[in-house]
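What follows is a pair of complexes built around chain A, which joins chain B in one and chain C in the other.
Showing the complex of A and B:
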């Protein structure tokens, strides 16, 4: 009898607290509505729900021009990082098969690749991730709505279903994490009708065949890289420089390797038009900017990788007063991800000046959720973020490029240490390692604080991750030299770096 | 018998779509669409159902004019016995189909929640078919692809696949997750049938 009374009293108390919370949040349907169910949106909504907030996440995928659409999870899961890395792995395995013969493996016939088998396996994995996200949202009690969200006012979100039905939600706080989509060069005749983008390539049921990849961003180079690796004739069309924003010496090494690996490059070329011939192939005409002459060739597919545009057009931002950067179209955000409207926040690819990376979006989302729930004041640290380009020869880096370090500190105030090395695995396989290279950009004098670290070679992502932690801790060249390498690895070469560019000495690593 | 059965079935169908509406909390517009769908089987649905299903033929008997306009074009038998040659194993088409053929099934039903990307599902699937076939029409099996019917799967609390739910009279009476061997499956199915 006494126990029962206690239980009833506790129930009454908890109920009172719940009522109080609801009153504090006014008459809003939700404490938080997140528009966008990608890397950032999902992390933010799940964290907020875990902290006791009533959260809804709105995710909607407008089909691509070619009609490709996908489930929850955003760009990374569906048309970015995940399928990209899996296809990159497929290509690497092709190379490994060739190397295997040198290592004694008896491979009976010629090796060929079947696109459909790879695509189905990759697509199935992505679907399992879509499902996993749905289950997680359910478990964490986040309301999921497959609707296209737009703002009506600073506390009201309108959601439109695919069939045109509309729902209204009110929220104390609104977070925009709608990310971006690939751009089409609409001024080029035939570009939209006949070309595809990264939104489509991973969902093709049949091989894209002979492909022209237009662009020189990491999207372009990574796609061209794995297409070449699985045996498809691939050409990259570059207008000016590869990997804009990255260290240009390293970018050059990446493209040199790709050229040696079999990818064709059309430098200083600008596409003029794309026509579909009666046979079904695409004829591309482009201008060679060096000669001024027009060139022409046929391809089975044309992949546009000429930049990404933020998904802001249908959000109703102007009406509500959320300010955008006029040039990029991205949302202007402060260090705490707030926008020009007090209770509206934005982060991830949609934020102006933010890195377009999944880990930063996830971390920023979690911190934002914690701040909104009043749990912390910690802001997201966007500095020292390591990244890797998964081209056939991978490139990992953290910190400043050599050019950026020079521009910030002056050429005389920095010391650049470098080394060309050969991965042990390449020796027996008789593979060319001319582009396997390490560069450590340091502040000159004293312990020589590391300003930037660059590595091209196999498993660059795995190698760079560990060093990124050192970088975050303010590592110096002295720290690096005091670290004993693990042998035999490629990563140990970073601990052995000692030839400076300034000395002019040969940077090739010899022997053991 | 025919008239009484028809009234009964009409009442059941009304109850079933009321239950769907209640569960779905539909707006008036969606309610009208749903009513239209249940009472007028679309041509696509007709194509999906094999010729010998009696669940189709019972709906034929109980539905209103639009369906009888369609039936002359069909070569399907009009007077099949009520419970014989019922489709034993089928793929769930949509939420309405689930209500009609699973929740309102006169037979106990095994619901096999599976996915294209799930390896173990491909092992369990044929085993389930075998166990169900052994029961010679005493139990039906509804297959639900969770990528096509994510909301339905979430509604039934599915998190990992394969998940098999045993349902009788619209109530979940048992379930399991993962693979079972033939013996364990036979025992699970027998329990559902009530042997």
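Showing the complex of A and C:
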């Protein structure tokens, strides 16, 4: 028996010996090991450490097909929210420069955009965030390991370095927060060899040039949006509908605006193949589903934005018994983020049915850390989460889409108030505001509880955030009408909404 | 024979000139308030941080350059328009940076040996 104990530090050991040593010593290397150093993983590990737990976080970035890789922080920091919003801002500034002349600014000569300047500035900011996280982890005494984690058993994690070295860690609890990566349409010849994804676009040193964005998700539309905004010829190829899962009327307004502002859309189109010509440009062949005919065009870059796949393949989940959703491949989780294995938890993008958002991952991670440290029983509330799509015309929303409200409550039981408004700033700039719109979906009768709130317009994220709090508090149409607007703003139009769709009356806002 | 080169400079112009002469090297720079004849700086945090930073210098990468830069006297530093603040965007002394990267440690962060070591050994 004693001899078996001494064998503890041999890395190749049988389960039997592991069980024996754990029972005898009763301790693990760590209280918590978090696999994944993104929005969720970092929030969870830092919170746990602050509560006195011994924590390790494992983060590893498998390079993209094109070889792009990045530091700690996950998708949001490196290839998502942050670089996206900065490039969106770059594009908005281009539009603002055009408007500026109407406001009296004397701008000599034509305005042009330099990709490299923008990319370097964005990449530098991202690197400063990577560094900030490293300093924070060190400061909060979270052990950070740049290794690819996988599960050996319910208390043992194996970490593999880039050079193939392996280390073992044992933990009382394990949290999986490995997120997802963009999907490649591998069945399309040339797609993998010649195309890029959102993993690559923000790290390109040179302009992507004339770009084809395939997909109609917010990733596709946001990328196409800022590419158009900085002056690149951009086409979006959509198979069926834009922004699936979002309110479709609002999605239509978003794409209408993009079309009016120069983004080309190839509707009902399915790519067939991508070939690289001798000149270096990419020739894309696609089928126009309406005519059944094949079309062809050339692009400098092809960006696939056709969905994201969860990072579960190399985690060793099957062996350990962590159950996945067969269709999505995501980890099945309960309300407390637990998986089918008692001490293994999963949250963030990797969790089945969870929103793929940073703020929910962060909050869920912190609450999970607090529950594991025995500090609270509070569960994450995934309801009433507000979001914004940062397309050239931004779209912010909280609550149900009109379709969802109809389906849940019945068309007769809901009242939809709406208004087309014009941002004051658009007037002098002589800008078209046809798609600036507000929609408040309420329960019909009684206090008219607000079921969903939708806004397209400038700074939609800033506008929606405040209303999201009202929504969380159970705001009704009466509350909204009792709120005095701030003038002159776009947001105030929400407090003034009074024309219902049912009335059939003109919903255009007129004057003060 | 150390595996890095230490370069002592004084003032913004001297710092910039010396850096431009060493392009292509991994450059670290430690900014401190001026040292008096007794070897003490007017900046108490700099006095505290220096031995800690020096204690980690054995971890500097092979072939790197370590700049010890005295920024000037207290009145010069307090002026918000001084070149270090305006152009290099330094917010305080001591500051330890890895030149050309966003990696930096400011003031109390320089008291932490493990953070200093992390900067010297990070990829």
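Note that the second predicted complex is superposed on the first by the 487 of 512 C-alpha atoms of A that agree within 3 Å, B and C clash if a C-alpha of one lies under 4 Å from a C-alpha of the other, contacts with A are read in each partner's own complex, and residues count from 1 in each chain.
Definition applied: a contact is a pair of C-beta atoms (placed from the backbone, for glycine too) under 8 Å apart; a residue touches a chain by one contact, two chains touch by 3 or more.
Here the structure is a predicted model, which means the values were calculated and not measured.
Trainee: Clash or fit: chain B against chain C, after overlaying the two structures on chain A?
Mentor: On the superposed model, which is not a single observed complex, chain B and chain C clash.
Trainee: Considering only touches as defined above, state whether A:314 meets chain B (first), chain C (second), both or neither.
Mentor: In the superposition, A:314 contacts neither chain B nor chain C.
Trainee: Classify the contacts of A:116 with the two partner chains as first (chain B alone), second (chain C alone), both, or neither.
Mentor: So A:116 meets neither chain B nor chain C here.
Trainee: Taking the superposition as given, does A:131 touch the first partner, chain B, the second, chain C, both, or neither?
Mentor: both
Trainee: Please work out whether A:295 is in contact with chain B alone, chain C alone, both, or neither, and reply first, second, both or neither.
Mentor: In the superposition, A:295 touches no partner, neither chain B nor chain C.
Trainee: Pick one for A:139: touches chain B only (first), chain C only (second), both, or neither.
Mentor: A:139 contacts both chain B and chain C.
Trainee: Let me check the overlay on chain A: which residues of chain A are in contact with chain B and also with chain C?
Mentor: Residues 124-125, 127-128, 130-131, 134-135, 138-139 of chain A touch both chain B and chain C.
Trainee: Which stretch or stretches of chain B touch chain A in the complex?
Mentor: 27, 29-30, 115-118, 146-147, 150, 154, 159, 161
Trainee: Touching chain B in the complex: which residues of chain A?
Mentor: Listed in rising order, the residues of chain A that touch chain B are 71, 124-125, 127-128, 130-131, 134-135, 138-139, 165.
Trainee: Across the complex, what residues on chain C touch chain A?
Mentor: The touching residues are 101-105, 109, 112, 114-115, 118, 122.
Trainee: Which of the residues in chain A come into contact with chain C in the complex?
Mentor: Touch list, chain A to chain C: 124-125, 127-128, 130-131, 134-135, 138-139.
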